[in-house]
Each structure stands twice: as structure tokens, then as C-alpha cells.
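In C-alpha cells below, several structures.
What follows is a pair of complexes built around chain A, which joins chain B in one and chain C in the other.
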Partner chain A sequence: MHKTSEQLIMLVVINVALLAVGAAISGGTFLSLFNFQSMASQVPEIGLLAIGVMLAMCAGNGGIDLSGIALANLSGVLSAVIVSSFLSATDSETGFSLAFMAMTVGIGFAGGVINGLLISKLNITPILCTLGTQMAFMGLAVVVSGGKAVTVGSPDLLSRIGNDMFLGVPIGFLIFAVVAALIAAVLKFTPYGLWLMLMGTNPKAAVYAGFPRTGILVATYAISGTLSGLAGMIIAARNVNVKYDYGSSYLLIAILVVVMAGVKPEGGYGRVICVVLSAIALQLMSSLLNFGGLSNFVRDFAWGLLLLTFLAVGRYDVAGFLMPFKGQNKSSGPGPQAPKPTN
Partner chain B sequence: MKTASKHILIAGAAVAALMAGTAGTLMAQQKPVIATVVKISGIPWFDRMNTGVVAYQKANPDVVATQSGPATADAAQQLQIIQDLVAKGVNALAVVPMDPAVIEGTLKRAMDRGIVVVTHEADNQKNTQADVEAFDNADYGAALNARLSECMGNKGKWTTFVGSLGSRTHLQWVGAGEANAKKHPDMQLVDPNNESFDDANATYEKAKEILRKHPDIKGFQTSAGNDVLGVGRALDEAGLSGKVCLVGTGLPNPSADLLESGAITAIGFWDPQKAGMAMNAVAKLLLEKKPVTDGMDLGVEGYNKVTVKKGAGEGMLIVGNGMVLADKASYKKHMF
Partner chain C sequence: MSPTQLEELQQAAPVRPPFSLAELVRKRPETITFTLLVGICIAVAIANPAFLQPSTLIDIGRASVVMGLFALGVFIILAAGGIDVSFTAIAAFTMYSMTVLVQSYFPGMPIAVILLVATVGGALLGVINGLLVHHLKVPSLIVTIGTQYLFRGFLLSFIGTVWIMSLPPQMGAFGRLPLLQFESANGATVTLPFYFLVLPIAAVITWWILNRTLMGRAIFAVGGNANIASRLGYDLRKVHVFLFGYAGALAGLAGIIHVCANRQANPFDLVGTEINVIAAVVLGGAKITGGTGTVLGTMLGVLLIVVINSVLVLVGIPSTWQRLVVGVFILLAAAFFVTRQRKK
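Showing the complex of A and B:
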């Protein structure tokens, strides 16, 4: 477990370093309470999507969920259209909010189950399957909304989720934190978590060991879809309006967050806390560059550089493990391993 | 733990290197900051707007004027920039929204914090104190058509192109054009409102079809930025340059060749440079708590006598007279 804690330490160090640089160049405003709240309210959207991608990746066999943001937008758009057809956001504020929230999460769940069934039952490669469902979800959102933004409005309860604070912490961020903790606990303490990681490490062995493969896959993508639905709800709560093409850049950013968090792309390993810290690090960096008034192209460059640094350090780590005075070998089976440098 | 500290050192050094560039770009700023946020940075239209922001900064050393925008065309990215700028504590925002609906919530929070909000190209934006438009859409459409009918000698068949039937401004432009054409009874509108989807190639094919169907057509009025290029190419290839009139929205640089060959009679546009300056000028007035009144001079060419109306929300709608019609003789003054 030496390596795990190291990834965590590194993410913490990077976050602290970013905060320090932010404080230095902004003369303190970067560390103001308001900016923390502002940044915290921006994290959940991408953070929830990234956790979904992480779960899909952990399932192994090239697992990935590309349909995240499309499903989030679909759940927002569809819920807004359906719920406002029988409830008014101004007349029955609480009813509208509750119906809207239940609907977004429900649609996210349903979309995730569709992904899971397609992947487990029809054996479609996850990247192709979720690419297909991504387009289908987006297309459906376009059809339902006619390609225009749909107004959700700001009924009391919903607008609180988007705008209010609880003990100084944005409620959206609290939801994100609770959900992340919940999923971390599920991964750690339930048989599902163990099955997921072991199946990701060696799918063939998992099948022979009698793991419920279909069940695990459907559950994984269903959770990922539900997280998308939650993200859709938070987007709607913050922005008042929802649109089918919101956050089109999130797809790649979510994957970036996950890779930076040290989740193994080949499956079998990933920690929620690292994903959360990695999402926060990206947020700090992008806010920092906006504070510094730098071009957003610099941001893309900086993100890429950060990712490469992580990959390089990860590789260096592997070399560290091969050093004679640390005889511990982490390989968990005879399965294919990444090529290791011999020295 | 020796290796661990080494890794941390490496990571730390990488981050420090990454950020070294950002340090020093910020100075202590006591002057009010007006931050212009555009739809997307790095495209000619908003590069041109940036020249306006830079010029405004030069002319007004008592404020700090900057421009930023997302690297990708995504409303969510623009939203983040606006939110970060609000947190940074700028005094005024001048936003060209990618999607007015998406940023309503954030602009409202910005105004609640006492930040002055000015928008452009968003006359349906509710949460703004002032939306600056370069011109009245009806006037613009009528002006395009006046130029077209003049070229056509006030008679003959003509048709119109719009980006899509869902594009509100384009329909306003051709609508005003049709109204203007009614003044000339010999002008006959045929197959109006062809959709171009702002795709020069699709427009080219469509224009060729129309030329086959109506060999005696005399004029085209187009709306989306690439339409003049498509129709112009079709006319050029058919050897009709100068014989059939073409007036539409377009930018001088891409249209230069076709203007020279005579395939395009005239292009209409507004200058994003001037629009950027006008937005900043309005933001400064609002910062100084000075009123913006009907007929006021913003000190920017094309905005010397603005019309002030009530906007979509609480704010006002400021309409300038920033339209530019350029033909072969005059387009060189506006190369962008």
C-alpha cells in the first residue's frame, strides 16, 4: 500500500502548492472565503462525472464511460420538460424541486442501466457502447428541447442547492462530498467493491471464480449514470437553464481527472479520495490561471503538463519498486503488466 | 520514505515551474477592473474585439481593461471564467455570451455582489444592466436590402438566405429586407429563406440550384457569415459576377477576393473592435454611476448617438449605429 498513499500525498502537495502560488500572485484574494466557496461550487459537476468514469475504468476490460455529460444534460433537459408540463416552478416550488430532483437522478440511473446492459449482455466494448449512447442521449436531448435552452427556473429548494451555503460550504459541494464518501465506503466495505476491483484486475479469473459479472457491470454503469443524473441536477440548480450541449469539454476533463488520480486505465485500481483531490487540483489550477489573467490556452497546456508529470512520476515509482532494497512485488497475477524499465 | 520525498520534490518542482510564468503578471490593482469575456478566444472575430479592448485601455488609463475567453466553444467553460472573475473581485464584467440562458444564474450572482454587468449580442439576456447592440436589426436588414435594390435597379427576381429558420436575428434581417423591397413593385421575391447553416459549401450548392431554377434571378440577400462566400463562388463560376447582385453579412478578409472579382456587391457587418470599446465605455459609465441616456455619445465610432430602450430584464438595451456596409471600393479600410 506504499504506492497508494504516495499518490495521495502527491495530490495533497500539489493542491497545497497551487494554493500557495495562488496566494502569492493574487495578494491573498485567492485564499478568500468567497473564492473558496466559488471554486467549491464549481467542482461537483466535473467531480461527479469523474467518479463515474473511475468506476467504469476500475471494472477493467477497457471500461470507460463517455456518456457522462450527455446523460447529465439529458436528465436535466428531459426532467425540465416533463416536470414543468404538469407542475409550475413558481406555484408549487417544493413539489417542483422534489419532482425535478427525483426525475434527474432517475433518468441518470436508467441511462446507466442501459449502458451496463449493453456492455454486459451484448458484450459491446465500453468505449464504443458509451460513445454510441452518448450520441443517443445528446440526440434525444436535442429532440426534446428543440435544440434550445430549457428554463428550469429557480424554485426555492432547487435554487438553494445551487446557490446557498450550509455552514459556509456550498450545498452542491456537500452533496458531492457525501456521495463521494458513500461510494468510497461501498468500494471499501461491500463485496461489490471487492468484486469490482478483482474483476478489473483479471476479468477471466473473475468469471471462473463465479463472480456475478453482469450484475457487477450493470451496477457499475448504473452508479455512473446516477452520478451523471446528480451532476445534471446540480447544473440545473446553478444555471437556472439547461441545454443539450452544456459542458461539451467535460468529457475529456473527466478522464484527465481520473488519470491524474492514479486510476489504472487497465482496471482494478482506483481511489475515490484521489479522484476528489485531483478534481480539486484541476479546479485550483484553472481558477488560478483565470485569476492570473492568462489565456485559456495556457490552461490546456498546463493541464497537459500536469498529466504528463503524473504519468512520469508514476513510471518512476514503478522503477522504485524494482530497486533491490525494496523487494516487495505488487503484481497481483500473471496477467499482462505494463513494460517495466530494467535497470 | 526516501523515494516518496523525492517524488514529492519532483512534483513540487513541476508545479512551481508551471506557475512561475503566472507570477508577476498580476500587479497591485487599485484601479477599477473591467473584464471582457468573449465566447471563444483565438478566433479572428474576437481577436479583433481584443484590439478594441486594448485601444480602450490605452485611451482610459484610469481603468484596467482586459479580455479573456474559453479555449473551446463551450458555455460551461465561459461560465467558469465568469465565476472566477467574480471571485477575483473585478469591478465590471463585459460579456459576449456563448449562450445567454446558461449564464443567467452567474450574472445574477455577480450583480448581487455589486459587479457591473454589460453584455453584447444578447438582447434577450435578463440579468444584465445594459446590453449593447451594434445596430437595430430591422435597420440593418433594410440597409442591406436598400443596397441590393440599388444594385438591381429596383427590379427583377431576388431571394434570401438565412443561417437557419431558428435564427432570430437572421429572420429579422430578411424580414426587414422584404419590407424594404415592397417599396419597389418590380422586385419579385422568389423561394425566400433558404437555410444555409452557415456552411459555405452547402450555400454554394443551394445557390447553383436556384440559378438553374431561376436563370433570370437578379439578386441575393444573405445573412450568415459564410453565405456570401458560397453564393459568391456560385456566381463567380457561372460567370455572373457583376451581373447578379449579392449583398449579405460577411467579413472583409475572407470576402476580399470575391469583392474584387465583383461576385459580391457589398458586405454588411459590425466591427467587433468598436463593439468591445462600446461595452467598456458603458461599463465605465455605470461604474462611475453616470446615467446612460437616449441619444448619448459613447465616444466610439458607430455609437455616437445611441438609442436606449428597456431590455429583456431590468436592464437597458443600448443600440448603436455601428453597421458598416463595405464594397469593392471601401472594404480595405476594415481588414479583419
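Showing the complex of A and C:
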């Protein structure tokens, strides 16, 4: 409990500090409504992928989902190819949009289920499995698109999701917020959430306790895949084209967001609200670097450095807070000291 | 395990069980890789006899040098239960900074010194990886994703992004130096370059480290169970630093060979090929959770990936399918090896 609020407070402080720095550097334009809107419309893609990575990590046993951005691109590319083969984006705008949206989410879900089944049924290590599916998903996207960008166009409904505001908030961001809240609720109030965190804490104990391991794993990767599909939809809505290699650095950024949010890489602990805040903080930082006029390469360098810094911070925090804890766990068996699964 | 049990085992060992295929596959998973490789080669040779030309085979040999060096590094880390995705960034970093260094400051540096400095430079970057992995106590995948961006970002933002088309003469000469040269049927000269030798030498050294030194014991012990290895007295810190340093050294060497072979230094090269290399190692029978694998298997895995990459076009499959095919191969191999292990 102690650590939970700590991480949350730290993220809030980071966000506020970044806003203050931005305001000081830009002389106020950083805090303009326009800038907020443009930043908010960039958060959902990475935020959705990061929540997916978080869920996979929480499942423990080396769980991680490396296939996120590849699956997002695949869902965009494949849907664009399939849907535009029987519907025209210009003739039936709403029909196209609805079919496209349903398709992207469906493909994301299917891809996630494949991941989940491979990991739970065949016992393939998550790293290896999602490396393989990452390559397969990307390869499939290359095959169906011939390696070129596929035009989705901007049919009314879809482009509104990508570019319009609702009460001044970008619709994409609203979707992200709702989805994040939904997943937070699922983790907090359903048995699935409890099982996921407990299984991540101790997979062996979870098996002996009779948790439905296969079900949990498939559900976890299916949710992660669905989120990738949603991200694919938002990518397509924001850009007129979809391409197999869009967002090549998203994999690192998603992991960076998750690590910054204090999710434990070894499993069993993670909070959606922290992931959301950490995604926002990263977006603020990225915009700040943009204001400073630095190149993309400097940004890559900064992300790498930031990831390692946060790993170090997390490591030495854990050492400080949990040392007495660990000793206790070793000496006395009972008393589940595992972190409480607060979403 | 009690002493009596141990004795029983030792006594039982000489009585060899009757030969069985399943047993062979379980003990030496690379036989599957080998069978697959031979199968693919035969199939391709039937579909397109051009495959068996010496020039194709030498092309395959040439293409496998850089990947093979990478794969040896990845394999040794995998054997210890870790994973590394930063080696391509290390290679790009050393190859490009080395080329810039030679070109603008030490134009007369002999090639042997260049290779040595690149290897040491790669090893230093690798040691950074090793220290981080050891002290941060997080999965090495996450650490090396971070260092990959760190190294590559540093290279591109502070060292340069210019594509160097004309290499220092001694590097170009090294890339062209022939080991074996002959004329093929259609009159073109086919050359097996001298740098090809580096791969077998590195493979033998890696094999020697893993099978004949205490460090090799330590690596497999850590890969089997890090906690137990540390209680047995293996120094985890030393093992981690050695592992990543060795992989970094191989990556630095691979980078400079890549430059010499292509006769140009492109700082955007190499990064992005790491999945292919990991796939090669896994296809060679090394478990991603560590503790197993052989150098021979790794080399077979590399050949398999290189062959798949270069024969798709020969048999008439468009090159856009390459990623999909390799991805499916990884999943199939992983699934196969896992089910095999469960049966024992």
C-alpha cells in the first residue's frame, strides 16, 4: 500500500513539474488549450499499447507482450485491405468506418488470443512467443500490403475519431480514458483481476490454488491484443495511411511507460492509473523536447537513458522499502506479504 | 541428490540405452535443425538447380559471417538465461565511430589494430550492459532495450548520421582480400573473402569457453538456476560482465567486418536485424530460458535463417514473405522444442 501511493504521487509531481518547466521555457504557450489538445491526441496510441504490456507483465513468469505495435499495424493494414475490397470509403462513409473499426478490434482480439494460446497451451516463453508473433504479424502486414502504405482515406466517422473534439477533448483521448477506466475496474472488481495479480506474484501457488491458468493467460493476452487493435484503429483514424512499420520505436516507449509507472517486471503488481499518468508524462516530455527543437535521435537517446534511470530508481526504492519484508518472507512461510492487488 | 544415488547414476551411465530417434532428438535438438536445413536445401535444389552453384553457396557463406558472430554472442547470453537485443546497436556504434576515427584521425592505422580496437570498444559497451543487468536486477530484455536506444541515439545524435561511401583504403582492402578464388562456369570470378575465417575461429573460441573453462560451467549453471549457482559460489557479477562483454566484443568485430564487406559505413544499418539473430539461435536448439544449447546448433540455426532469407526468391516466393516465414518458423520451433521437453 505504501509503495502504491508513493508511485502515484511521484508521477503527479513529475507531471506538474514538466508542465511548470514547459510553461517557463515557452512563456505560456505550452499551457495553451491548443497544445494540450494536440498532446492529448497523441497519448492514446502509446497509452493503449502500454496498458497491454502492463497486463502481460503482471501475469508474471517473464510475461511481456512485444507484439503490440506490430499487431496494431497489422489490424490497420489488414482491415484497410479487406474492408475497402467490398466497401468504398467515399460512397458509404459510415458503413466503411463501422466495418473498419469492428475489423481492427476483431483482428487485435484474434491476434491476442493466438498469443495467449501459444503461451498457455504450448508453454512457449512469452518473450519468444511474442517475438515470433511480432515478426509474423509484421510479415503478414507486409504480405497483404506488398510493403507499401495502404490508404484508408478519411471517411466521416473515422476521421472524426482521429481529429475531432468532444467538449474540447480529443475523441481519441476520451476513448483511451474510458478503456483505461474499464480495465482498471476489471482489475479491481472482478476475480480475473485478483487472479492475474496473484498468479503474477507466485505462479506455482496459483496453480495449486486452482486458478484457471489457461483462462487467465488467454484473457490477458486477448485484452492486450484488443488494445493493440484499438490503437491500430486510432492510428488509422489519425493518419490517412496505414503502413506495416509505423511507430517503430513504440515498443521501447511502451515498455518505458510501464517501467516508469512502477509496474514490476517480474509480475504481480501494476496500476492502470499510474500507466496513464506515466504515458501523459512521457508525452509532456516529448513535447518539451520538441519545443527545444531537438532531433528524433536525441529523443531516442533520452528515452533509453530515462528507461535505465527509472529501472535504477525502482530498484533502489524496492531495496529501501522491502528489505525487512524479504527477510521476513524467507524465515516465516505464512502470511501472504504479496503486494495487494489494488488494480 | 544423495551420494548413493549419484553412484547409481554413475554406474548406470555406461550401460547405454538402445538407440532411439526420440532420445537423440531430445539430447541433440540441433539434429532437427540439421534435417530441416538439408530438407530445405534439397527442395530448393530440385525447384531451382541454380541453387547448387558455387557462387550461391559462397554468397550464403559470406552472408552468414556477420549474423554468425552476432548469434554466438546471443547464444552465450541465452545459455546463461538472459537475452540481449542491444548487440546490433553496439555493432553499429563501433563500426561507425571506428570508421570516422580512422578516416579523420588515424588514416594509417593497420587493419589488425582497427579490428582489435573495434573488438575492445564493443566489449566495453557490452560491459556496461553486463553491469546494468547485474545491478538493476530486472530482466535483461528490458535493460538491453534501453541500452539499444541509448547507444543508437548517442551514435546518431552525437557522432554522425552521414553515410560514409568511401572507406579508408586498408579497410576496403581487407573486405576484398580473398581466401579462395576461382572462376565459375559462366566466367565470373567467385571469391570467398578472407574475413570468412573469422566466423569459424570465433565459433571454436566460443565452444572452448563454454566446454573447456570454468567460465563455461558458470554460464550454464547460471542459465540453469541463477540462485543455486550463486549459492554454489559462482560470482554472478563476474559471469554477467563476462557474458555481455564477450557478446559486445563479438558485436564490435561483426560491425567492423560488416563495414569492410559492404565497403561503406551506414550508421542506420544493422539495428532491426536482432530478431533474425535471436530466431537463428532459438532455431539452433538453445532454450530461451537458458541452460542449454550448443555452438554447433547455433551455427546450424544461422545457416538455416540465411538460407531461408536467400532462397525464397530462388523458389519464386516474393521477398515480402520473408518476415512471415521466419516468424512462423520461430513459433514452430519454439512449440516443437517445448513439447519435446515436456515428454521426457
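One rule holds in what follows: the second predicted complex is superposed on the first by the 296 of 343 C-alpha atoms of A that agree within 3 Å, B and C clash if a C-alpha of one lies under 4 Å from a C-alpha of the other, contacts with A are read in each partner's own complex, and residues count from 1 in each chain.
Everything below uses one rule, namely that a contact is a pair of C-beta atoms (placed from the backbone, for glycine too) under 8 Å apart; a residue touches a chain by one contact, two chains touch by 3 or more.
Fair warning: this is a prediction, and the values are worked out from it, not measured in the lab.
*Asks:* After the superposition on A, what does A:Thr125 contact: first (chain B), second (chain C), both or neither?
*Replies:* In the superposition, A:Thr125 touches chain C alone.
*Asks:* A:Leu311 in the overlay: touching chain B, chain C, both, or neither? Say first, second, both or neither.
*Replies:* After superposition on chain A, A:Leu311 lies in contact with chain C alone.
*Asks:* Looking at the overlay, what does A:Gln134 touch: chain B (first), chain C (second), both, or neither?
*Replies:* second
*Asks:* Considering only touches as defined above, state whether A:Ala302 meets chain B (first), chain C (second), both or neither.
*Replies:* both
*Asks:* Between chain B (first) and chain C (second), which, if any, makes contact with A:Leu182: first, second, both or neither?
*Replies:* Neither chain B nor chain C is touched by A:Leu182.
*Asks:* Between chain C and chain B, which one touches more residues of chain A when both complexes sit on the common chain A?
*Replies:* The partner making contact with more of chain A's residues is B.
*Asks:* Tell me which partner A:Leu194 touches in the superposition: chain B (first), chain C (second), both or neither.
*Replies:* In the superposition, A:Leu194 contacts neither chain B nor chain C.
*Asks:* Figure out whether A:Val207 sits in contact with chain B (first) or chain C (second), or with both, or with neither.
*Replies:* It touches nothing on chain B or chain C.
*Asks:* Now for A:Thr29: first (chain B), second (chain C), both, or neither, which partner does it touch?
*Replies:* first
*Asks:* Between chain B (first) and chain C (second), which, if any, makes contact with A:Ser249: first, second, both or neither?
*Replies:* After superposition on chain A, A:Ser249 lies in contact with both partners, chain B and chain C.
*Asks:* Mind sorting out which residues of chain A both chain B and chain C touch, each in its own complex?
*Replies:* 147, 248-249, 295, 297-300, 302, 305
*Asks:* Enumerate the contact residues on chain B facing chain A in the complex.
*Replies:* Going by the criterion above, the answer is residues 3-4, 7-8, 10-12, 14-16, 18-19, 21-26, 28, 41-42, 66, 68-77, 79-81, 83-89, 99, 101-106, 109, 166.
*Asks:* Taking the complex as given, what residues does chain A use to touch chain C?
*Replies:* 62, 64, 118, 122-125, 127-129, 131-140, 142-143, 146-147, 248-249, 251-252, 255-256, 259, 265-266, 295, 297-305, 307-308, 311-312, 314-315
*Asks:* If we count contacts the way the header does, which residues on chain C are in touch with chain A in the complex?
*Replies:* Touching chain A from chain C are residues 83, 132, 135-139, 141-143, 145-154, 156-157, 161, 272, 275, 278-279, 282, 288-289, 320-328, 330-331, 334-335, 338-339, 342.
*Asks:* Which residues of chain A touch chain B in their complex?
*Replies:* Contact set of chain A toward chain B: 6, 9-10, 13-14, 17-18, 21, 24-27, 29, 32, 34-35, 38-39, 41-42, 45, 147-149, 151, 154, 162-163, 238-241, 243, 245-250, 286-300, 302, 305-306, 309-310, 313, 316-317, 320.
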